[in-house]
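What follows is a group of structures, each given as C-alpha cells.
Shared chain: subunit A. Partners: subunit B in the first complex, subunit C in the second.
So, the complex of A and B:
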C-alpha cells in the first residue's frame, strides 16, 4: 500500500508475520501523523520493522510518533526494529536518548 | 539578505524548510548541514505556530544573511514574549544519561535545536520575539 504525502511516502508490506514499513522523505510535523495512522490501520502482525533507508531526517514530531509506536509495541510484546538510519537520524537518536531505547540496526 | 514572511501555520512548514534549504545550498553547505538546519528551523517554526499567537493567528518573518563563512537565520514574531532558551538544553541530556528504558513525551525540540546549530540566541525587541541561529 502507498500513502503519498507532500514530503514523505510510506510503503507497507506484510512479510510473513512482520509488518515492514519503508519511509521515504522526511518524518516531520506534517507527515508523522501519517506514520501513526499507517500503523494503527494494520493488524495481523507479530513484529514491526521500520526501514529508514530513504528517510532524509526526523524531527521531534517524528520522535513522538516513534515513541508512541514503541510504547504500544512494548505493551503488546511486539518487537520493533528500526533499520538503515542515515547519519542525521543517528545523530538525532543519540542526542535525544532514543538510541538507548529503540532497537536500531 | 533574503526574507520569507509567512503565516504561522503548520501547513506552511514546507515553505519554511524550502527557504532554509535554498539559503544554505546557495552558499555550498553540505546536504547533511542543510538537513540539520531544516530540522532546527522546523522546531522553531512549529513552536511559534503552536504557542506565539494562539488562539489567534499571526505571521513569522524569517531572514537569512551571510556572516563570513556562516549563515545567520533570524525568526521574528509578534506573539506573546517567550524565550525558548529558558529551558536549559543540558537538562534533558543529563536526564537522558540517567534513564534507561523510559523516554519522556516532550522537550526534544529545544534540545535538538541546541545540538544542531553552532549558535543560538534570543531577544525581545520592539514587541518582537527574535530567535537567531548561526550555522
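So, the complex of A and C:
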C-alpha cells in the first residue's frame, strides 16, 4: 500500500551567501515542521532558494510553512526564490494565490 | 548510562577472583609440600648418616687413617642401590673443624670446613638441619656428631624438592582446568538465567516504548524475573487504562465540540421561504471537529450570500479558528456593500490576530432578481457552474488566501446564472479525497459526478458524497469534506 506520505528529504547546501534547500517527497502536515526547523537552524545566509524539483505534493500545512518562511524573509529583507515546481504544486500555488505572493520561477 | 555489558563487568570480576583463588591455593600447596619435602629429606639424610655410623669399619678406618677417599661409588657400595637418591647428594665428614672426607668437592681434604661455606655454628649441636649454598647449588643438610666426628649428609634442593615441584605443577594445572570449567559454567548459567531474561525483557520494553501497548513481557524463568515481568505488565496495563480514560474524556469533550461546531453552522430553516432559490450544504470533518465551514445568509431580501472556506490544518486548533473566521467574514460582508472592501478589512483583521493559520474561502453573492453572482476567491478551489447544459469549472482569478499577508486586495468576479442554473462550491477535501492507493478523487471525477447527478442541490451533494464513499472505499478521510450548492430560478422562468 502506498504510504500516506510522511516522507520528505531535506538537503541543505550553502552556495556562497545563498541557502539552497532541496526538497524530495511530500510537504504536508507530517513533514512541514521539518522544513521549518531546518530553516530555523540555519544562519549566515543572504538569500534562500528552495528547489522543488523532486517535491511531489504540497498541502495547506506546507503552504503555511512556506508563508512563514516568506514572512521572515520579508522582515529580514532576504530574497526567497522557489524553483522547479511540478504541475501539481504549480496548480496549488495558482489556486491559492501563492504564485502572486511568492517568487516562483 | 554505562555502555559496559553485564557479562563484561561480571566476568571481569569473576576472572580476578578466580586468579586470586588459584594463586592462594597454589601458594598453600607449595608451602605444605615444601614442609613435607623438608621432613622427608631430613629423614632420608638421617638414615644415610645412621648408615655411615653403623659401618664401624668405615669409622675405624677414619680413626686409623684420618683420611678417607669416599666417592659416589664406594658410598653406593656401602648403601647399595636401596638409596639411589644418595647418588645425587653427598657426604662430608668433619673432625675438629677439618674436612676429612668429602664426596661433594674432594679437593678440600684436611682444609677447614669454612671452604665449603659451613661454619662451626652450623654443626655445633649433636645433630641438626641447615642449608648450604655452594657453587650456585643449594643443599638441604643434616649432620650428626659422634665421638668427635661429624657426618654431614646433603642433598641438592633440585632433588629434595623434585616431588614438591612436580606435584604443585600438576595441582596448578588441575586447578586451572577446574576453574576454567567453573568460569565457563558460571557464564553459561548467567546467560541462561539472567542475560536471556534481560534481553527478552528489553525487547518487550522496546516494543512498548515504541507504542505497542499490547506487548506482553513473558519472562517467568525464576521468581525475580516473574516479579519484574508482572511489574512491567501491570505498569503497561495501568498506562493503557490511563490512556483509555484520557481518550474517553477527550472523546466526550470532542463530541460536545462537534455538537457546538455543527450548531454554529447555519440551518436551512434560517433562510426565508423563497421560490427564487434552492440551497443545500454539508460538512463532514475528517476528525471529530474540522477546519472547514460553509455559511449562507440573506444580505437583504433579494441577496443571498453563500460561502465555503477551509482553514489550513485540522482538528481542534482549526475548528477554534474556523468559528471566529466565519463570524468575521459574515459581519464584514454584512457591513460592506463593497465586497472588495469587506475582504480587505477581514483579511487585515485576521492577520492582526497573529495566528499562524490561513484560510482559503470562496464567497458568492447571488442577486435573486437578476441571477447575477458576484464572487470573491481567496485562494480557494474553483467552483462549478451549471448553465442548463453541463457543469463547468469557472475561472475566477484567485486572490491570496485570507490571514496570510496584510494589505492584500481581493478582486471579485461576476457570473450570471440562467433560470435553473446551479452553483457548486467545495473544499479540497472533495478533490483530494484519497483512495487506498493514494490516488486523488480529482476535478475530472467531480465534474463527471455533478453532470450525472439529478440537478437539484440536495441530490447533487448526496451524489458527490456517495461517489466519495465509493472512491475512498473505507479509507480514512484525509481532510474535511465540505460542499455547498445553490440553484437559481428566475421569476419569469418559474412562472412559465
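Quick note on the criterion: the second predicted complex is superposed on the first by the 99 of 105 C-alpha atoms of A that agree within 3 Å, B and C clash if a C-alpha of one lies under 4 Å from a C-alpha of the other, contacts with A are read in each partner's own complex, and residues count from 1 in each chain.
The criterion applied here is as follows: a contact is a pair of C-beta atoms (placed from the backbone, for glycine too) under 8 Å apart; a residue touches a chain by one contact, two chains touch by 3 or more.
Here the structure is a predicted model, which means the values were calculated and not measured.
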| message | Applying the document's definition of touch, where does A:98 land relative to subunit B and subunit C: first, second, both, or neither? | response | both
| task | Please name the chain, subunit B or subunit C, that touches the greater number of residues in subunit A. | result | B
| Thinking of the overlay built on chain A, is A:29 touched by subunit B (first), by subunit C (second), by both, or by neither? | both
| request: Figure out whether A:64 sits in contact with subunit B (first) or subunit C (second), or with both, or with neither. | output: both
| field | First (subunit B), second (subunit C), both or neither touched by A:7 | value | first
| message | Touch test for A:87: subunit B only (first), subunit C only (second), both, or neither? | response | first
| message | Residues of subunit A that sit at the subunit B interface in one complex and at the subunit C interface in the other, please. | response | 29, 60-61, 63-64, 67, 95-98, 100-101
| message | Residue numbers of subunit A touching subunit C in their complex, please. | response | 1-5, 29, 60-61, 63-64, 67-68, 71, 94-98, 100-101
| remark: In their shared complex, subunit A is touched by residues of subunit C numbered 310, 312-314, 356-358, 360, 378-382, 398-401, 404-405, 428, 434, 436-438, 478
| Taking the complex as given, what residues does subunit A use to touch subunit B? | 6-7, 26, 28-30, 56-61, 63-64, 67, 70, 87-88, 91-92, 95-98, 100-101
| subunit B to subunit A touching residues, read off their complex | 10-11, 13-14, 17, 32, 35-36, 38-39, 42-43, 46, 92-93, 95-97, 99-103, 105-106, 108-109, 111-112, 115
